[in-house]
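Take a look at the structures below.
Note that subunit A is present in both complexes that follow, paired respectively with subunit B and with subunit C.
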Partner chain A sequence: MPEILSPAFVYVAGAFAALIPWRIPRAVILLAIPLVALASFVSLPYANYDLLNIFDLQLGFLRLDALSFVFALVFSLAAFLSLLFAFHLRDRLEQAASLIYAGAAIGAVFAADLLTLFIFWEGTALASVFLIWARRTEGAWYTGLRYLAIQIGSGLLLLAGLILRYHDTGSIAFEHMELDSLGTWLIFLSFGIKCAFPLLHNWLQDTYPAATLTGSVTLSAFTTKLAVYALARGFAGTESLIYIGAVMTIFPVFFAAIENNLRRVLAYSINNQIGFMVVGIGIGTPLALDGTVAHAFAHVIYKGLLFMSVGAVMYRTGTAKASELGGLWKSMPLTMAFCVVGAMSISAFPLFSGFVSKSLILSASADTGHFVVWLTLLVASVGVLEHSGIKIPYSMFFGHDRGLKVKEAPLHMLIAMGLAAALCVGIGIWPQPLYGLLPYPVDFHPYTTDHVVTQLQLLFFAALAFAMLIRYGLYPVELRSINLDFDWFYRRLLSGMMIVVADQVRTAWRGLVRSVDYRLDRLLVAVYRTHGPEGILARTSQTGAMVFWIAVLLGITLALTYL
Partner chain B sequence: MKSYITNKVLLGLGAICLALAIADFLRHRHGVFEVERSPLFFAVFGFVVYATLIFLSRVLRRLVMRPEDYYGERATDEEDESSAGTEKHLDEAPDA
Partner chain C sequence: MPEALFHHLPVLQVVLTLVAAPLCALAGSRWAWSIATAASIIAFAITVTLFSSVLDGTVISYHIGGWAPPIGIEYRVDILNAFVLLIVSGIAVLTLIYAQKSVTAEIGSEKHGLFYAAFLLCLTGLMGVAITGDAFNVFVFLEISSLSAYALIATGADRDRRALTAAYNYLIMGTIGATFFVIGLGLLYMLTGTLNMADLAQRLFDHGDNRTLRTGFCFVLIGLTLKLAMFPLHLWLPDAYSRAPSAVTAFLSATATKVMVYVLLRFLFAIFSFSFAFEASVLRVLVLPLAMIGIVVASVVAIFQDDLKRMLAYSSIAQIGYMLLGLALVSQTGVMASIIHLFNHAITKAALFMAAGCFVLQAGTTSIRELRGIGRDMPWTMAAFVVGGLSLIGVPLTVGFISKWYLVEAFIAEGWWPVALLIVASSLLSFAYVWRVVEAAYLRDAPEGVVRKEAPLSMLVPMWTLAGMSIYFGVDSSLTSAAASRAANALIGASNLFWQ
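Let's turn to the complex of A and B:
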């Protein structure tokens, strides 16, 4: 068998290409790396490669099966598209970080054991924080620190979980797990943090708008989808995931509707979309899991496309805030067209990719009789249309014309967006190749009259509601603002409490030091008094006194002896 | 300021919706749940849910909206966005 290495190492080695001093040759070589890495595994038969036995621990760097293959494939595509979108970049640190990040995510997907998974899991955290720090501002520095604390925390939970699991079962293989021990719970929680479960989700909205505009395209692809993969691998059929996922689809909808920063709207939208996938994992039937995998595949591409379109607008206009944008369809018509393709894909319009992937999950939830969950997902589908399908393109390209005069996006950005848009439409029109890659055989036909008509009704009547709300001035106006979310508890309440506690501790410490100082002073004064030059015990008569007392002692001894 | 939602756009959307409403009576009704098979369920659902979402969001906004500098310099919200790598910023920055 030929020596095979995880494609992750191709990326890590490729990151050295960032040292090339000439900008265009460097960018071209960087662009080739995802393709080389893809070529290294794309034609291999499904098997476990690169097994290693260290200290009785069975490690595996390349587990190739249908589940890992689909995720690695879409990650490779995402790496290529985001590097193409960032072709103009001169920041080598960011370029190297993107490659290592993508490589670590692919390495984690191929990991056959929890220890390898842990190493790459932390790798994604460490590499990706540089996409935020690449902004090089004070705010980005602190945001990066918050991100790192949470992501590294997730990795440490995974490490603790895997150690406990090894202790319990004697194996570190990354396989299906049951929530029956502390170890698996810790692993579940670790995955949940990276997957941005409700209340663990704020790192996503905090960091993605803080990254560079190219960095947020890269960020959108990997971390959360890696967590979806890990949950699908480890916890398929875990019932609680159905409800966690359902909540995830709903709550971001309200925040996204009132959010002004469009990159943050998209970050909330990631929550909502990941929620659909988590529901699929929770249901755990072949149809549901196929739906999750297909939706993750479609999602990486259309979400990347939406981030790219916002990034392109930001690149030209200097802002991603809805309150500052509008009317750009005239100056950026191609970006507008690609953005609309992304918006229609995420909203699951027939003939676009979201339609053929999300339907599997909705259908699986109905088939298994989860009526409330099904209804929730339907509400969430309307929500997606609201924030990603309408708000994103409307506020940038239509809405209030702010009289911005800018050029169309640069060519390389247009090509990247064009390729992503072509994939969205391609998958939507011709889903069979994607269905063919899924872990289980798919017997599902999205294009029935019934399904197409009902979906179009849902979307167009919602769009009608939007148009009427706008027409009658009831739609929330875009305002320069932020909205409090759960992160308020640790960014304000907890940090406020820390400040109070720190204050108290400081006061107490000072009091303690002062009182110790005072006592020490008094002690020294007393010692000085007795042992100082004038002190009673320091008198020169001391020697004489001792001799006197010894003489007395000897005298008494003598007297006693002769008595 | 000019709104892009003119009466024409509203009428156009209305016409599409009307066509879809008519198509509802021609479709072959499948579906696991009874509501899925009831006439115009998805149309009414889409419209009502959308409007409700927006009204609830407006209520939420009253509770959670804060000025951009709320988190101060430890967040990027009030920073100049050009540092995220906009054209203007890159033209001015030296080669990294």
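Let's turn to the complex of A and C:
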């Protein structure tokens, strides 16, 4: 068999194209790299390629099967779209970083063993942090450091876990695992951090809104979906994932509803969407896993599209704050249209991509008798519509006209958004090609009457609620005059309670973080006092002190041997 | 090669550089470098010949002056010390090639003859320690290498006057260490009446356990751990390494402490056999915890250092901790991990100190703050530094990973997984101190008005040879792991003889 290399290496080698000094040729060549990489594996038969023996371990860099293929395919698409969206970029550091980042993510998806996975896992962390640092502000610098610490920490957990597992089983193959040993628990935790499990999620909202406007498009595609892939590969059918996922779908809804920064709203909604996938993995039936994969596929595209539309607005207006935007539909009609397509996809309107993928997970949870979970997912779906489906387009393009006079987004952004929107609609109308790619054979028809009707009812009631809240000025971001009307008192109380609860949770969490921060600072000061350049442990010592230690150690050894 | 010459290779290994040393001093500054380099290359060639002839497990025993042991002095080459010799002489060749430009810049030209003479003497001493099979001979060569090392470190005074105090402190400490070592030997001699290592081992075993033996063991252990800079006996090391001339630091960091680790291995596993339970208890109760504390403390100190060389020196102390961890485990895999780390760390640290030397030459500083933006001005040097740094962290595909892998394996095999976790977690600390340099070099802008050129080729080539090796042996570790595994088997096997 001829030697076939992992497409990850195409990206890494391609990153050198960022050295080309002329802007347009550079951007064109960079744009070609995902396509070249895609072409290198798209027509290969499913098998294990690119094996390497390192001392007594066998590494596999290219495991091509249905699961890895779908993820690699959508990652390639995402890499292409985000590079196209960033066509105007002059910053070579960011261009090189996004290529290596995409390459590492694809490399991780193709990894046949845990060690290779670890290498690329850390690769995604190291490359992606430059998308944050590319903003070159003091704040972005520290945000990046926090992000890096968490991501590297996740990698180290993975490393520790894989070593323990190697010791237990004598194999580092990346296969299905059971949570029955410390090693697998560490690996699970490592995946959980990258997947932004509840309480491990803060890096996500901290980081994504802090990246450059093109950087957050790239970021939204890879890291968390890589974790979804890893969970699907390693821990499918682990029951605790169902409940973790259900919590993930529900808790960001409140935060997203009261958040003003639209990129942070989208970051919360990533949590929520990943939650659906995690539930699917936890259920672990073929239908559920197919749902997870399909939803991940659709999600990468519509989430990218939403980040692109917010990015385009930010590019023209310089802000992503809901309170400073509004009424842009006149000046940016195309962006508005694409954004609405993305919003309808994420809210799972029939004929859009979210509908055909999310239905799989919902059906799977209902089929397996997880009624509470199913209900939670339904409620969460309403939340999605609330904060991503309506709030995002509404606050940018409609709502209050803030009199912003801007131009339509640049052509390359429009093309990137247009392609993504076309994919969203295409998948929604003709789901069969996507279903054909899934790991298990699908015999599922999304467009049955009850699916469509349930979904539409849900959507219309959610839309109604939003309209009511807006009409009566109760929507958190839009809070202006409050119209007291007894009829709606109950509703208002409820939504008010939601806000209060969210506020309380947030305050408590901040307090906790602050106190941990404070202790950490104290600890660091103490460490610095002893270990710093002037500290007792780092000073140039007197010979007397050195001799003292010799005497002490000799004494101890003598005592030990005489005992 | 004529049979007669081949037969005498073990002694030629040492004699050649010993004779070349005074030649350097006599020839003066002009020729000293060439003589030293030529001598070290021949020494390296001899080592390679010896290494390849003992690789299959044979042991070469050479009797000095034809006097048979245990009366006469025996040179004994087996796979373990041939491996150490390979490291020492190989690093010596590379450092000498590297030294020409660096030494010219850092040391006054009138001293060059003496400098290279001292360098060769130090090399002689280190190779002698490794090759000899006679315990007292170890002491003699130890003193040769140490005395010349003090002189070498003191030559750093042309750049930094504090090198004199550093050398003086090292002299005091080194002498105490050597004295302890010789006191221990004296006690053992008193007990057995022999100094030949193999004979000593046999007679100690026949004698059985007693107090003199135990006291002798303690003195030898403390003497050696002082010389190899075990925490908290490391206090001489940061000053000595950070203030010596760059080439000296690169050489000593890669060889001096490693040879001492070798001697410790030899004494622990081949001379004091493991029927003496106190030995294992000292290793596990004292050495193991100190190694762990050393790893953490030295790494944290390294994080806060502004001086690059000092940071690397502290990192060396931490890395020595890993070697001690492996041997303190008293198992075949642990010893093997120590030996493989000995090799891996030697090449990594030498490359890193060479990069620091390039910065001294071209930027005139080793302050991390002043090295801002150096990655753009000296891309090749900085890239080599990054490779070395990755290896220190233990990133896969570098030798550092191989070391940590075997070490962690060894600890898990014994069920000591908290230590294994500490080893993995300590990578985070190394990441922090390496990262500070990377950040300054690549992400910060250079100070105003500073002009820095890339280092000359004669320095880049040896540095990249070592950096390349840290990657090559990280991918294909079959040679190093086979050598280390056989050496560990030979050592543990030797002590197994006494176990029954």
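Basically, the second predicted complex is superposed on the first by the 477 of 563 C-alpha atoms of A that agree within 3 Å, B and C clash if a C-alpha of one lies under 4 Å from a C-alpha of the other, contacts with A are read in each partner's own complex, and residues count from 1 in each chain.
Here is the rule we use: a contact is a pair of C-beta atoms (placed from the backbone, for glycine too) under 8 Å apart; a residue touches a chain by one contact, two chains touch by 3 or more.
Here the structure is a predicted model, which means the values were calculated and not measured.
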Which of subunit B and subunit C A:400 touches, first, second, both or neither: first
First (subunit B), second (subunit C), both or neither touched by A:160: second
First, second, both or neither for A:281, with subunit B first and subunit C second: neither
Of subunit B and subunit C, the chain that contacts the larger number of subunit A residues: B
Contacts of A:527 with subunit B and subunit C, given as first, second, both or neither: second
Partner chain in contact with A:455 - subunit B first, subunit C second, else both or neither: first
A:142 touches, of subunit B and subunit C: first, second, both or neither? first
Shared contact residues on subunit A - subunit B and subunit C: none
Residue ranges of subunit B in contact with subunit A within the complex: 1-5, 7, 9-10, 13-14, 16-17, 20-21, 23-24, 26-33, 36, 40-51, 53-54, 56-58, 60-61, 63-68, 70-71, 73-79, 81-90, 93, 95-96
Contacting residues of subunit C [partner subunit A, same complex]: 165-166, 169, 172-173, 176, 180, 211, 214-215, 217-219, 221-222, 225-226, 232-233, 235-236, 238-239, 278, 281-282, 285-286, 297, 300-301, 303-306, 314, 395-397, 402, 405, 408-409, 412-413, 417, 420-421, 424-425, 427-428, 431, 443, 475-478, 481
Subunit A residues within the subunit C interface of the complex: 54-55, 115, 118-119, 122, 133, 152-153, 156, 159-160, 163-164, 167, 182, 527-528, 531-533, 535, 537-538, 540-541, 543, 545-547, 549-550, 553-554, 556-558, 560-563
Subunit B contact footprint on subunit A (complex, rising order): 23, 88-93, 134-140, 142-143, 206, 209-215, 253-255, 257-258, 261, 314-321, 366-367, 369, 371, 374, 378-379, 382-383, 385-386, 394, 398-401, 448-451, 453-471, 474-476, 479-485, 491-492
